[in-house]
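Consider the two complexes below, in which chain A is the common component and chain B and chain C are the respective partners.
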Partner chain A sequence: MVKEIERYGIPIVHMATITTISESVGANRIVPTVAIPHPVGNPQLNSEDEHALRKELVNRALNALATEITEITHFE
Partner chain B sequence: MSDKFKVLYYVNQFFGQVGGEDKAGMSPEHRPGKVGPAMGFEGALKGEGEVVGTIICGDNYFNENKEESLKFILNTVKETSPDVVVAGPAFNAGRYGMACGELAKAVAAELKIPVVTGMYVENPGVDVCKDKAIVVSTADSAAGMRKALPAMAAIASKLAKGIELDEPEKEGYIPQGIRKTLFTEKRGSQRAVEMLIARFKGEEFETEMPMPVFDQVDPAPAIKDLSKATIAVCTSGGIVPEGNPDGIQSASAQKWGKYDVSGMNGLNAPDFYSTHGGYDTAYANENPNRVVPLDLLKDFEKEGIIGKVHDWFYTTTGTGTSVSNAQKFGTEIGKELLNAGVDGVILTST
Partner chain C sequence: MKLEIGRIHIKDIQFGDSTFVEDGVLTVDKAGLIASLKEDERIKDVQVDIARPGEKVRIIPVKDVIEPRVKVEGTGAGFPGVTSKTTQCGQGRTHVLYGAAVVTVGDIVGFQEGVIDMWGEGAKWTPFSKTYNVTVDIQVVEGLEVHTHEETVRLAGLRAAEFIGQAGKEVEPDEVLTYELGGMFEETAKYPNLPKVLYVEMMITQGLLHDTYIYGVNAQTILPSVMHPNEELDNAVISGNCVAACDKITTYQHQNNSVILDLYAQHGKELNFTGVIMVPEHTTLSGKLRVADYTVKLAKMLGADGVIVSEEGYGNPDSDLLMICKKLEDAKIKTVLITDECAGRDGLSQPLADTAAEAVAVVSTGNVSHVVTLPPAEKVIGNPESIAVLAGGWKGAVLEDGTMMCELNAVIGATSEIGYHNVTCRLY
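So, the complex of A and B:
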């Protein structure tokens, strides 16, 4: 899906935990996430810390979209 | 001492009969003897070999703690010193396939012990290890177990005895992408002319050098100004509105859905939940924003960091979904996003 959407020339960032799969399906912008059942969250944190972590991850994804790249890039 | 060759087996929590998604976080364990498919596998060895132990590991644990998991597995292999290591078959299960692929690669490369696994050709784990281990080509679901085990056993038996394998097509494994020198009855020029004549006549012929298919899309240009950009969010994590109005499948998705989120400040429970059948959805159901962070995007929109969150959010289920369907979904969704003037997309996967 990532690859086919990007084929239209729209930048897309893949937020996923198993980043090797992201690469094999053709994602160019990749943000590694927390865990398979809760990629953009961490139920073990208190709500304040979880919110901060989530905000950081989404911010990173937005920055990825605003960054020119020429090859597969992990935004960590 | 027994003259049977020794096999060490690897399975996930499900095939290891420990449990389903609720046990996907279990750390690896080594059990003496054979568990799950290892039993059928040993039967298929027809008394020539013996499964001396089975490693069971949760799919989530492996993928989230790859280094620790591999360390445990490599140590267990060293302790049991098998003649061959067998993993799976994983069919089209992505996380299980990645685990089988990673351990196959590590054992074959680091310990020089032959490894046999089995996967559906589209499993992402295939590319991880096919050049180092033997990946038997299986069906896409566990219904193919009966066919997979004898093929894996026949190959394991040959590898344990140091017998060279036949061609991939004959043995039933996925080509490793390596070339070998071999003797043929007819010389190259004759084979080439025969192929050309067959082609002229419109007859079937088989190339001796199939071209690899590389299809990488170039990165799209970056967004120049986020504060003016419309951002869409999309997921393969199976988040759907309460009641799953479009009946999106919980596995092997045949369709995608789009839902108007323009008036919402997030994907909140219980209005949304996950219908995904491939992970433990408890955390997602407690707060679906953990899978699709619409709440934060809306915050960023309010703060003016991004121009706008696209009115629609797109969703499907990415477990056991065929590559051809995923391509179709991407093409259809991408076209809508393009027509709607979306500037950038965040796609989350579980």
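So, the complex of A and C:
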């Protein structure tokens, strides 16, 4: 899906825990996430800290979308 | 470390008033077994039954399979750290009721359990159609939290295996197998020209009822650990996994790990079997990276020339498998991988979730997505409707006449990644 959307000309970011798989399937903008059962959250944090974490991850993804890249890039 | 496994060949099982073996026939005190299991107040009811090879019996949903054994010399009685106090496993003498198995059955908690057919088409796909099985179907009291529910059922299976295993205590075994491996320097001095080969065993340790235990320690909490192979052959490792049935390593398969047995068979002939590294499979990227680096570091410290890596499960652990492979090969350590494939029902999809150019020696143990049609059983132990919620099954998979369709996913041990079975994939 990531590859096809990008092929159509729309910038796309892959948020994923296992970034080696992101690379092997051909994603170019990659944001590493937390864990497979909870990619963009962390149940061990209190709700305030978790909200901050989620917001930070989404902001990072939005920044990735707006960044020009020439090769596979991890936004860490 | 030296371990003797005394095999008592079991040719049939029956119920009786006490538990003993005579002329290869195992008699089980059913009432005594039930009373013993019910000492756990969390258990409401227990159904005990027998399933023999060739009988038109279907067992579903199966949680674990365990080989009944008894320690007759040395420490390590029971399942140390789980059903008995923690003592050292892997030395002395253990008697095994060879050909018998305890099959734990119970309500679905983690929804990834499996099926065993004792006859026909289904029997072809699972190694546990060839064992004489005592099934223990456990109902727990109401209101147990899911993890406690699952733990109760698992422990009951292990305790049943201990109870039945006692029958072998005073019996002269039909054969005695000796597994002996000294210290690494000692073995290397004995076989200076043989390649040092390590076994890396990956274990599912992903929480949510997907865990493996070593001496009762949840392997999710460990860094990769070096073990003597005898420890695993002698009850140190148990399954706590509700994962796809086809490639979960049941406790029975840990007790009889084919990779360990095969490496032992070649020790001192073609290779120098240097030991086992137990490796947890994590759900976080940092966990996967840490484990891969740590495993490679241990392999280098132990001077490995070659490593065999077996996976447990499929999907995200494929990436762990390939990370370990890449880093071992980069360290100039020859690496062989053992994995099954999730290649779709037609076998045409990408078989692993990840790839690496360094993975040049891979043993395939079958396609988990292959669909089989299992004819109606004359008797079902457990609950046939559970196929609707098993991985590899679906709603409507049981037809009115009792015929059942499922992917190999749902068949216990069908694509075992430690090779405890006979399936592979072939390229046409």
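Please note the rule applied: the second predicted complex is superposed on the first by the 76 of 76 C-alpha atoms of A that agree within 3 Å, B and C clash if a C-alpha of one lies under 4 Å from a C-alpha of the other, contacts with A are read in each partner's own complex, and residues count from 1 in each chain.
In this section, contacts are C-beta pairs under 8 Å (C-beta built on N, C-alpha and C of every residue); 3 or more make two chains touch, one makes a residue touch a chain.
These figures come from a predicted structure and were not determined experimentally.
Enquirer: Let's test your reading of the overlay: on chain A, do chain B and chain C clash or fit side by side?
Expert: clash
Enquirer: State whether A:R54 touches chain B only (first), chain C only (second), both chains, or neither.
Expert: A:R54: touches chain B, not chain C.
Enquirer: Quick check for you: in the superposed arrangement, does A:V40 touch first (chain B), second (chain C), both or neither?
Expert: first
Enquirer: In the overlay, work out which of chain B or chain C sits against more residues of chain A.
Expert: Partner touching more chain A residues in the overlay: B.
Enquirer: Once chain A of both complexes is superposed, is A:P32 in touch with chain B (first), chain C (second), both, or neither?
Expert: Only chain C is touched by A:P32; chain B is not.
Enquirer: Should A:L62 be classified as contacting the first partner (chain B), the second (chain C), both, or neither?
Expert: first
Enquirer: Let me test your reading of the model: by the given contact rule, A:I10 touches which partner, first (chain B), second (chain C), both or neither?
Expert: Only chain B is touched by A:I10; chain C is not.
Enquirer: Run through 37-45, 91-99 or 271-279 for chain C and report the one that clashes with chain B in the overlay.
Expert: 271-279
Enquirer: If you lay the two complexes on top of each other, which residues of chain A touch chain B in one and chain C in the other?
Expert: Common interface on chain A, chain B vs chain C: 17-18, 20-21, 24, 35-37.
Enquirer: Would you mind writing out the residues of chain B in touch with chain A in their complex?
Expert: Those in contact with chain A are residues 24, 60, 63-64, 94-95, 98, 124, 127-128, 215-224, 226, 229, 231, 234, 236-237, 279-284, 286-287, 289-293, 296-297, 299-300, 305-306, 316, 318, 326-327, 329-331, 333-335, 337-338, 342-350.
Enquirer: Along chain C, where are the residues that touch chain A in the complex?
Expert: Residues 206-208, 283-285, 288, 316, 319, 322-323, 353-355 of chain C touch chain A in their complex.
Enquirer: Where on chain A does chain B make contact in their complex?
Expert: 1-18, 20-22, 24-26, 28-29, 33, 35-41, 43, 54-55, 57-59, 61-62, 65-71, 73
Enquirer: Across the complex, what residues on chain A touch chain C?
Expert: 17-21, 24, 32, 34-37
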